[in-house]
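In what comes next, chain A is part of two complexes: it sits with chain B in the first one and with chain C in the second one.
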Partner chain A sequence: MSAPLIWIGLPAFIGGILFLTRGYRLTTGIFGGILSALLAVSAWLLPIDEVVPLGSRAFEIGDRFSILGRDFLLLNTDRAWLLLIYLFLTMWIIGSLFARPHSGFVSFGFVFTALLVAALAVEPFLYAALLIEIAVLLAVPFLLPPGSQPGRGIYRFLAFQTLGMPFILLAGWFLAGLEASPGDSALVLRAGGLIGFGLAFLLAVVPFHSWIPTLIEECEPYLVSFILFMLPAFVAVFGLGFLDRFVWLRESEGVYAGLRIVGMLMILVGGAWVAVERHLGRMLGYAAIIEIGAGLMAVGIGSSEGVLLFFWMLFVRIFSAMPWAASVSWLQEESGIGLELPNLVGFGHRYPIAAGILVSGGFSLAGLPLLAGFGAKFAFWQAISSDSPVLSLAALAGNTGLVIASLRALNTLFISFPVQQGDDQGVHNGAFYWLMVGLFGFLLFVIGLFPQVYITFIERLLFVFERLGA
Partner chain B sequence: MIVSNFFDQNAIIAVILLGIAGGLMFLVNSWRWRVAGLALMYLGVFWLVAISWPLGLAAIKMVVGWMAGAILGVSGVNLLPPTRRRWPTEWIFLALAFLLVIVAVSRLAPVITDWFPGCHPAQAWGGLLLIGTGLIHLGVASRGLRTILSILTILAGFEILYAVVETSTLVAGLLAVVTLGLALTGAYLLGNIYETENAG
Partner chain C sequence: MLLLTPVLILLGAAALISLLGLFRPRFTSHWLIAITSALAAWVVVWLLVLKLPLEFGLLEDISYRLALPALSFRGDEITWPLALAVSTVLLSVLFTDAARAVEASWLIWAGDLGFAAIGITAVLARNPATMMLAWLLVDLIEMSILLRQLEEERIRRRAVVFFATNLLGIVAVFGAMIAAGGAGVGLNLDQIPQQSVIYLILAVGLRMGVFPLQVAFLRDVHHQRSQGTLLRLIPPAVSLSLLAHSATTPLADGWRQMFIFFAVLAAVYGAIAWARAKNELRGRLFWIFGLAGMSFAAAVQGQQGAVLAWGLAILYPGSLLFLASVRTRGMLPLGILSLFALSAVPFSPTYAGLRLYYPFDMLLLLLPLAHVLLLGGYVRFMLRQTEPLSGVEPWVRVSYAIGLGILPVTFIASSFLGPKVPAAGPIPIWPLLLSFVGIATGVVGYWRRWKIPSKIFEYLDKVFSLRWMLTGLRWLDEFMGRFAALVTRLLEGDGGVLWTLVILVIFASLLGQLVSAGG
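Here is the complex of A and B:
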């Protein structure tokens, strides 16, 4: 038994099986959640490449799986990342029980995650671009179920993600050349430029971000949010791998300055658009752009502290983004009239908890005190303001856009309106509803209060990168 | 060896084929001609890739490309209403854009041969011509068959250049999967357009 088989092969197989049972939505969701949680727990408990005694016997999980002459490699230090990823998947599956996206979500989640883990595990690493592209191609039919009209967003998503792949593949070839002649500055420039463009396409860096708001408006917000959460997380870790591996990248001040500037631009652009946005789904999209920008700025700090902040923000994002996306999807289905703010006036009175979670999710992503995102965002702003005050001011202005957007949503959803007969018909008092909103509320409010509980785990994520995390 | 020499010595024919194919896909309205252009393009891709790769491996590009064309051809694209272009303004604009690509390629091709040691000038010309045409095509198309064809064109151009430096069978296989995946995704999206327009 090898680690890639457990954390890549098995989830892909589970995804295939769950696709067959997708008609039984609740059962598939519960089983999917349990299996995903088991994968996370196994990443926590089972060491890789070490002999583990089990009663009178012993077993060992190998770190390598070879296929067609290429290797998939998962090291013992990768376990923290695997635990995090399958924890994220578990959370998204639990959220899907509330958001009720189309029935293939759980199986898609498993296969998509397995492909992305495979992309990080494959050796040589340049094959990752191909695996990410295959994951993107797989995402299209899940984003757009049969019978749905494809709009511009899905084509842009496909085009931008596909354009990223050639850059990464070519960069891989130039990097191999650099290993042979490390002093060649022309090669350094070409390789750096190609990596930059490739990651910019994959991470939807401004100006290649236009597909995000368009896609989320056209498709189910929960599905798009899942992709907007998982894909940039993996691509960013893939990009961190470049920094970790190549000393000329890691020690170049220009790279970090570029990351800080690009990150600031993303926060500024996302913040400016989200502040004036009237569509709740598109708001989520712009919030994702802001979050990607914040991640880039954190890495741009250029030390292990920056990487720690990147992972910390990523970890707490799940507790804000997932409940927000789930409540937006839920509201869309319940309202049946779309997600334009003017259509949702007073909906907070009908669905107070769901609307409250929606608004709190936005506030949490913006880093408001007492919410899940507060600790990480506070540490991030502290670090970035001492590092580059001008950039941090510009980024703070962008972040304010998210606060304004959440305030506008709060104002619209909870604006007083004349109560008419039948207005209380939408109120849900079912046990399942209360269980889910209770869970979301708990996570949103409690995670932010006790960062000391999980911060040691976040620190373990630094070991994924041998040199960058040192 | 003899066949490989033939491809090498007559590579200019492949570049002309790619130019015709790119022009067909970019300028013509009929979906049949566009798919035919795609088939012609993959013939040119095969020709130029065969300069650097063994013939059998290079043939994968053509077979996969033709399969992609066949998938798009049977996807229901024939059932969609044809797109019309305004004569002569739109045609002149597109023809000028295509000309611009050719001029840009003539400037960039020597740089590319410098970047990739062992790159035949025809490979640089062919690869850049397809990438340029695909990008311009992507710029004027927002959805439907045109978008898928433009992505496939860009990818085919890249494959010509990448074949110069990478001869791995697994990469060839994965790129073939991506090409077929794009065609299948395109066919799925085109089928959805037809379904929703009929339902409406």
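Here is the complex of A and C:
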């Protein structure tokens, strides 16, 4: 038994099986959640490449799996990342029981995650671009509602993600040449530029971001939010791998300055747009742009603290972005009308919990106190300020856009009363609904209060990067 | 932990009252529990003065490579008077509620206790993280109570706008953290770097409604006596602690003049509107603006003691007037005692507030006028007599009188018995003389029945209420929306990919220059 088989092969297989049972939405969701949680727990408990005694016997999980001449390598230091990823998947699957997206969401989630883990594990690393492309292609049929034609968002999503692939492949070619002649500065510049462009396409860096709001407007918000959460997380870790591997990248101040500026630009653009946006789904998209920007700025700090902040913000984002996306989907499903704010006047009186979580999710992503995002954003503002206070203040201004957007949602959902009489009667739901809401609400509020409790776990993620995390 | 004992007492009592209210519907002694706990908390706050300075922290001893938010509290010469004021106002509200038992319920008393407990927590906050957490809790409780009580959409919207400006105040604290980081230090309330103080004063200005003046948002939101008084007075109180801390760091001259201008504007406009208000509850907002403006000016002048003196005047004399639903001739001495406390004459608690006029600034010449108008309005409302309390048991009268009397007595006693705030410079006497001239002019005007055309006030209201600013903000929002829609159409339309490439070229050339400049 090898680690890639457990955390890549097995999830892909589970995804396939769950696709067959997708008609039984609740059962599939519960089983999917349990299996994903088991994968997370196994990443926590099972060491890789070490002999584990089990009573009178012993077993060892190998770190390598070879297929078609390519290797997939998962090291013992990757376990924290695997734990985090499958924890994320578990949360998204639990959220899907509340949000009720496409019936194939659970199986898609498993296969998509497995492909992205494979992209990080594959050797040589260039094949990662191909695996990411396969994951993107796989997403397309799930994004399309049955019987509908693909819209502009899907085309553009596919186009920009596909454009990223040749840049990464070309970069690999140049990097191979660079190993032969390490002093060639022209080659360094070309390789760096290609990596930058490739990652910019994959991460939807401004101005390649236009597919995000379009896609989320056309497709199911929850499914798109899942993709917008997982894909940039993996691509960013993939990008961090470049920094970790190549000393000329890691020690270039220009790279970090560029990351800080691009990150600030994404926060500023996302913030300006989300502040005036009137579609709840598109708001989610712009929030994702802001968060990607914040991650880039954190890495731009240029130290292990920056990488730690990147992982910390990623970890707490699940407790804000997922409940927000779930409540947006819930509102869309229950209201039966679009997600334009003028259509949702007074809906908070009818669906107070979903609307409350929606507003809190936005505030949490903005890093307001009492909520999950507070601790990480508090540390983020302090850490980035010493490097570039002007960029930090610009980013803070962008981040304020998220506060304004949430206030706009609060104003629409709760302040006015519904036009039709009787619409302000609360909707009563079953115990399961309250269990989910209780869980989301608890995590949304508790995670931000005492980061001291879990920060040491986040720190273990730094071991994924041998040099960058040191 | 001793420091947070009053908070724990109040929260425990709020929880107990809530449980009894929910599960024992026949239980009728909720008020007794509320008043006992409030009295206990008040006594404990008084006793704390013997142990000052006191500190308490939770998880703050964990040092880490990143700045983690930790809870930290401090009782000192700045925070203790504010904590005492909040607990006194709560006690006064509960004592006087005995005479308004019909309007009250266990839910309101539990809410009062919880709200005051969070208020005390907020004033005792020692670091920005604790302060922001407590601020938001206060704001959330305030907004949820308001939204539950208000039904008119126009006024509900105002409550949200007020909440929004409070949130912007929190964002300004993040700005202060960034500015401090840029100066190479962490933001610490004990030693605020000069780069941060602008943001902190802006934060307090936004939260107190002084900068920019938020009359248009706040007017007519809430006109209740007991809980309404707590809801209106505790939010400014929790910001006062930061304002006093900010006063220790001098502002750059340009900023100083601008902030003084806004402070004087708030004070003068608030005082005029207060003096002309129909009744004290309609004027409550302007009372806060008037005195908050003076407190704000004191902070800009770097006078910690004056910030506290005028800030506490919002709470003590204000509460007396707002809670006095029954005003008879017999209660007049309490009003006179309160008026003395507000007068800034020697030996009164606001005498220290005169330090705000040091060093001298031309704009400050208008503040004695504001002071006179505030006093004039106070006298006007104080002299309005109502029907006496009738049909109630004698203990209700006693409770009511104690509730009102405790306010001026505590204000005066705490100014003598409390810890002294370090002061800079002498106390100027000229503002007091100017105030006397103003009072004399007012008395003559009243005697000779001078009339100021009401059109002037209407015009002033139009200009200084800054409603035009609200219109401007709406216009800006619409403009931004239209601009964003245009760019979105370009980027997401048929030619979107080409536009993306054009923008990319522009960005790449700009980025190249910025990166070569070192970011």
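What we mean here is this: the second predicted complex is superposed on the first by the 460 of 470 C-alpha atoms of A that agree within 3 Å, B and C clash if a C-alpha of one lies under 4 Å from a C-alpha of the other, contacts with A are read in each partner's own complex, and residues count from 1 in each chain.
As a working rule, a residue touches a chain if its C-beta (ideal position, glycine included) is under 8 Å from a C-beta of that chain, and two chains touch if they have at least 3 such contacts.
These numbers come from a predicted model, not from an experiment.
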Touching partner for A:260 - first (chain B), second (chain C), both, neither: second
Partner chain(s) touched by A:159 [first = chain B, second = chain C, both, neither]: both
Touched partner set for A:141, first chain B, second chain C, both or neither: first
Partner chain in contact with A:62 - chain B first, chain C second, else both or neither: neither
Touched partner set for A:241, first chain B, second chain C, both or neither: neither
Contacts of A:273 with chain B and chain C, given as first, second, both or neither: second
Which superposed partner A:352 touches (first chain B, second chain C, both, neither): neither
Chain A: partner with more touched residues, chain B or chain C: C
A:393 touches, of chain B and chain C: first, second, both or neither? second
Contacts of A:9 with chain B and chain C, given as first, second, both or neither: neither
Residues of chain A at both interfaces, chain B in one complex, chain C in the other: 152, 159
Interfacial residue positions of chain C with respect to chain A in the complex: 59, 62, 64-70, 129, 132-133, 135-137, 140, 147, 153, 156-157, 160, 163-164, 167-168, 170-171, 174-175, 177-182, 184, 186, 477, 480-481, 484, 488, 491-492, 496-497, 499-500, 503-504, 507, 511, 514-516, 518-519
Complex interface listing, chain B residues touching chain A: 115, 138, 142-143, 147, 150-151, 154-155, 158, 161-162, 165-166, 169-171, 173-175, 177-178, 181-182, 184-185, 188-189, 191-193, 195-197, 199
Residues of chain A that touch chain B when the two form their complex: 68-70, 127, 130-131, 133-134, 137-138, 140-141, 144, 146-152, 154-155, 158-159, 162-163, 165-166, 169-170, 173, 190
Partner chain C, residues of chain A touching it in the complex: 152, 156, 159, 206-208, 210, 213-214, 253-254, 256-258, 260-262, 265, 272-273, 275-278, 304-305, 308-309, 312, 367-370, 374-375, 377-379, 381-389, 391-393, 396, 399-400, 403-404, 407, 410-411, 414-417, 450-452, 455
